[in-house]
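Each of the two complexes below includes chain A, the first together with chain B, the second together with chain C.
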Partner chain A sequence: MNRHLLFLLPLATLALMAGFFAWSLLAGRDPASIGSVLVGRPAPRLEVKALREAEPPLTDALLKSGKPVIVNFFASWCTPCLAEHPLFARLAERDGAVIIGIAWKNKPEEARAWLKRLGDPYKFAGADLEGRTGLDWGLSGVPETYLVDGQGIVRRHFRGPITERDVNETIMPFLKGAK
Partner chain B sequence: MIPELGHFALILALAVALVQGTLPLLGAARGDDRLMALGRTAALTQALLVIVAFGALTQAYVTSDFSVANVVANSHSAKPLLYKISGVWGNHEGSMLLWALILALFGAAVAIFGAGLPDTLRSRVLAIQALIGVGFLAFLLFTSNPFERVSPPPLDGNGLNPLLQDPGLAFHPPLLYLGYVGFSVTYAFGIAALLEGRVDAAWARWVRPWTLAAWCFLTLGIALGSWWAYYILGWGGFWFWDPVENASLMPWLAGTALLHSAIVVEKRDALKSWTVLLAILAFSLSLLGTFLVRSGVLTSVHAFAQDPARGMFILAFLLLVTGGGLALYAWRAPQLQGGGLFQPVSREGALILNNLLLCTLAATVLLGTLYPLFLDLLTGNKVSVGPPFFNATFVPICAPLFAALCVGPLLNWKRAELWPALMKLRLAFIVSIVAAIVAATAIDSRATLAAVAFGFGVWLIAGSLAGFVERVWNGRLRTLPRSFIGMTIAHAALGVVVLGSVGTAAWNTELIKTMKPGDTAAFAGFDVKLDRIENLQGPNYIAERATLSLSVDGKPYTVLTPERRLFTVQRRQVAETSIHTNLLRDIYATLGEGGAEGGWVIRLYYNPLAPWIWLGAALCALGGFVSLSDRRLRIGAPSRTRVLTQPAE
Partner chain C sequence: MKRLVALLLATLLVAPALAVEPSEMLPDPALEGRAREIGRELRCVVCQNQSIDDSAAEVARDMRRAVRERLSAGDKDEQVFAYMVARYGDYVLLKPPFKAGTWALWLGGPLVLLVAGGALLIAARRRKLPVAPAPLSEEEQRRLAALLDR
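Take a look at the complex of A and B:
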C-alpha cells in the first residue's frame, strides 16, 4: 500500500500547485505589485512647511490625533494626480475625511494654483519642494497615498492613483472602522 | 481568401486530430490493424493541414495583409522582412499556431520514422500526440484565432514589440518550442508504455533519440534566449533567474535526467517507473513554463502575451495532460517490474546520482520560482526570489554533480572499482587544481569561490577528455561509437559554459560614466574616447548613436557604436549594445540617457570568457546531435527483437 501512495505523490504535488495557480488567477492578484514595508509600522516623520501661506508647518501630531487620516503625495505636474483628484474632493466633502496633501517636488505657487483651479480637498497641505519628506516616506513617485490610523500606524499604502474601487473597498471601510 | 483557407485547414486539422486521437487507441486495444494503420495516415494529413494554416498566416504577414487582425496588432509595413516573418510567432496566437505546427510535425516524424515500432506502441504514441494536438488546436480555434479579420482594414499595423525585433529573438521561440514540444513525444511514449504496461530496453532505446533531439533544440533555444538577454537588456548579465528563464531551465534539467536514466533502462532493465515519470515530467514542466509565462501569475522582466483568461485555459490543459498522465502513472506504474538491485559504485549507480542531483536542481528552481506566488497568496507578503537564493542553492548542488560527472563514464556496469577510475583522472585532477590555484592567485585573489568554480570547469573539460584520450590511446578510435564522442563533447562543453559563466560573473570589470563628446576615460587597460553622438534614421526607428574609440598606448584598437533606438510606432526605447569580442573576452558598451548639456551615460563592461557561455551551449547541443547520428540511436531504427539480441556494452 505504501508503495502505491509513493506513486501518487507526483499527482498530489500537481494538485497542490494547480490549486495555488487557480487561486492566484481567480483572486485577480497583481504580481507586479510590490507592497510596502511601511504597512503595520508607525508612520515616518512628518515635518514639512505648509503649502498655504500663513499656516503653521505640518508635524507628527497631525497623525496621532486619534482620528484616521489620509496622506496623499501629489504634484501639479503629475497627470495621474489629476485623475484621482475628484475622488479626494468627494472623500473630503461628502465623507468628511481628514486628508493631508503634500506637494512633492512642486513649486508651491504652482501647486496652489493647481488646487485653486480644481478645488482643495486637503485639510492640511504641505510643500515638500526638495522631496525630503517623500524620501522619509519611501516614495517612489507621485501620486502615492497612505492610510494612517489614529495612533499613527500606517495601515495601507497605494502606489499610483487611487481608484473608485479603492475608495469603496478599502478607504471607506478604513475610515469607518478606525473611527 | 488565403486567411480563410488557413482557418479552414486549421478546423480540418482539429477534426483529423480527433480521429487520430481516438481510433488508433481503440485499434490498439482491440488489435485491429486497420484502425491502427489510420494513425499514420492521420498524422501525416494533420501535419499537412497545419502547415497550410501556418503558411497562410505567414503569407498574410509577408504581404502585410492588414485585413487580418493579428497582422494589424503585430506587424507594420515598414518592418524588415525577417521581422515580418518572425512576427508570425512574436505574438500569442501565432506562437500557439507554431506550437501546433511543431506538435503536428513531430507526430508526422513518428509516423515516418517509427516504421520499426510495434504497431500498438506506434498507434498509441500517435494517438496521445494527437490528443495533445486537439487541446492546442481547440485553444487556437476557440480562444485565439489568428485568422480573425478586421473591417475596414486599417492603413498600417501597430508593429512588433521592439524588443523582439532582433535576429537572436527571431529564432529563439522556434528553437525553444522544438525543445518543449519535442518532449511531447517522450510524454506520448511514456503514456503509451503505461497503457501497454510494458517498459523494456527496446522502449528505452526508442524514446532516447526523441528525448535527445528535443534536448538539443531546447539547449540551443535557451542559449539563444540567454544571448539575447545579454546583449539587448544591456546589463552585461547573461542569466537573471527570471521566471521565464527558469521556466525553460526546468524541462531542460528533467530532460537531461531522462536522457541519462533511459540509458539505465536500456542497459540494465532498471529504473523503469522512474524513467516513465521523467518522460511525463519533462513535457509537464514545458507546459508549466508556458502557463507561467502566459498567464501572468508571475511577473517577469520579459514576459509578454499575458492574459489571465487564457491562463485558466492553459491551466485546465496543464491539469488534463499532466494530471491525466500522473494519474495513469499512479495507477499503472506500480505494476512495472523493476530490475535487480545494484551496487552504488557502478555506471548505473553514477547515473542514479546524476538523476538525483538533476532532479534536486529542477525542484530547487521550481521552488524558487513559485515561492513568491505561494507566500503572497498565503500571507500577503511580497518577496522576490532572485540570484542570491539560486547562488546559495543551485550552485552548491552543481558541485557534486560536476565532480561525479567525469567519474561516472569511466565506471563499469553492474560492479566497478572506484580507485582505477580515479587513477585515470589523476592528470585531469592535477590540471584543475593548478587552474584553480592560478585563478585564485593570478586572476582575482578576492574571488575564492570563483576560483573553485573555475577549477570545476577545467575538471569537466579535462576529465571528459581523459576517457576519450584513453580510448584513442588504446587504438580504439576507429571503433569508438558516435554516442561516446557525442557524450564527450557535451560533457566537456558543460565545462566551457562553466568557465564562461565564472569569467563573466566574477571577473568582469565595469565602468559607468557620464561623458560628453571629446571626453576620455581609462577602462580595463584601454583609453576610451567618446568621439561623437549622432542621430540616425533606421527603417522603423530613429536612433542616437555614440562612437567610442578604444586605444591601447595611443594605438587605435577598436571602435564601439552603441545605440539607443526609439521605435516610432510603439514609442519604445531599446538599447542596442555594441560588443567587441575576440572569443576570449567581450568589451561591451551601452549608451544610456543623456543630452548635450549634461553628457551621456556610457556603460562599459569587460567580460572575460563571456563568449564561451554560448559557444559551450552550442557545443553541448552539437554533442547531442553527434550522439543522435549514432547508428544504434537513429530514430526508430531498432526493432524489438534486434535490440534484445544486441550485447550490452
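Take a look at the complex of A and C:
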C-alpha cells in the first residue's frame, strides 16, 4: 500500500464535510424541523366548542364530509397569523375552500374581535382555550395548518405561517385534486 | 472571607429551577414522582433540547398537564410515552429509540472508536523498535579515548 495515500485522508474528510454542508444548504435541510407524524394518518379527533356565539361545537363529522378541508390554528396575539391571514381570506372567497379555524389559547372575545377587524375566512370556528385540541393535533404553536382530504386523512401539515408559494404549489393542487 | 466561602458552597446545594408550577402538581406524591420522571424524558417541541419539566413554553405546560392527566387516568409510563409519540413523533423523546432510522446514531460512536482503536493498535504493532546502534569500531574507540584524555 502506498503510504502517501494516507496523506489524502484529511483532504478526503474535508471534502466529505463540505459535501454534506453543501447538500444541507441546497436541499434546504432544516435540523430544527420536528416533522409531523400525522401526515398520511386519519386526522385526530376534533371536539371543540364553537368560537362564535350560538353555533354548535365542532366535531369529527366536519373532517369526513367527502370534501377537502383546511384546518388552521391561530390566535389574535400571534403576529405570523396576521401575516398569513389574507391568504386564507382569499382561499375562502376566491377559491371556495372550506377552512376550519381554531383559536388556540386565545380568549374567545379577543379572537372574535380580531376576526371582525380583519375579516373571517372560517366556515367553522372553534375555541381551544386550554390547548387540549392542539395537543391532540400535535401542535407546537401557532400558526399551524393541516390539509385534510375528504376521507379525513391528513395530507399535509404546515408548521408556521403559510406563504403564497405554499398556496400555489401545495394548497391549490390539494383542493383541486382531492375534490 | 469565611462567609463568602459558605455562600459559594451554599450555591452548590441549590437544585436547578423547574418550570413545573405548584398548581400543576398532583396531590399524590407517587404519581407526581412518576410525572417528573416522564417529564425529564420528554422533549419540549419548541425548545429543541429542553425537557418539558425545564421549559416554560406554553406547549410544554400543556404536555405536563397531559402527562398528569394520563397518569391519573391509570396509564402506565409506556402508555404515556406512546401517547406523546403518537402526537409528536420520536422527536418528543429525549432518548431516541433504537430502530432502522437511528442505528447510525447509536452505533456510530462505538464504531468510530473501534475503527480508530484498531488502526492505532495495528500501527503500534507495525512500528519497528529502534535498533541498538552498532558498537564503536577500533578507530572510533581510539578517537574517543584521545578526546577524553585531553
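As a convention for this text, the second predicted complex is superposed on the first by the 147 of 179 C-alpha atoms of A that agree within 3 Å, B and C clash if a C-alpha of one lies under 4 Å from a C-alpha of the other, contacts with A are read in each partner's own complex, and residues count from 1 in each chain.
Operating definition for what follows: contacts are C-beta pairs under 8 Å (C-beta built on N, C-alpha and C of every residue); 3 or more make two chains touch, one makes a residue touch a chain.
No experiment lies behind these values; they were computed from the predicted model shown.
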Q: Would you check which partner chain A:Lys105 touches, where first means chain B only, second means chain C only, and both and neither mean what they say?
A: second
Q: Pick one for A:Ala54: touches chain B only (first), chain C only (second), both, or neither.
A: neither
Q: Applying the touch criterion given at the start, work out whether A:Trp23 contacts chain B, chain C, both or neither, answering first, second, both or neither.
A: first
Q.
A:Leu135 in the overlay: touching chain B, chain C, both, or neither? Say first, second, both or neither.
A. second
(Q) By the touch definition at the top of the document, which applies to A:Phe7: first (chain B), second (chain C), both, or neither? (A) first
Q | chain B/chain C common contact set on chain A | A | 32, 34-35
Q) Inside the complex, what are the residues of chain A that reach chain C? A) 32, 34-37, 44, 105, 130-132, 134-141
Q | Contact set on chain A toward chain B in their complex | A | 3-4, 7-8, 10-11, 14-15, 17-18, 20-25, 27-29, 31-35
Q. Which bits of chain C are touching chain A when the two form their complex?
A. 45-46, 48, 58-59, 62-63, 66, 85-89, 91
Q) Of all residues in chain B, which touch chain A in the complex? A) 273, 277, 280-281, 284, 291, 295-299, 308, 311-312, 315, 318-319, 322-323, 326-327, 329-330, 333-334, 370, 372-374, 376-377, 380-382
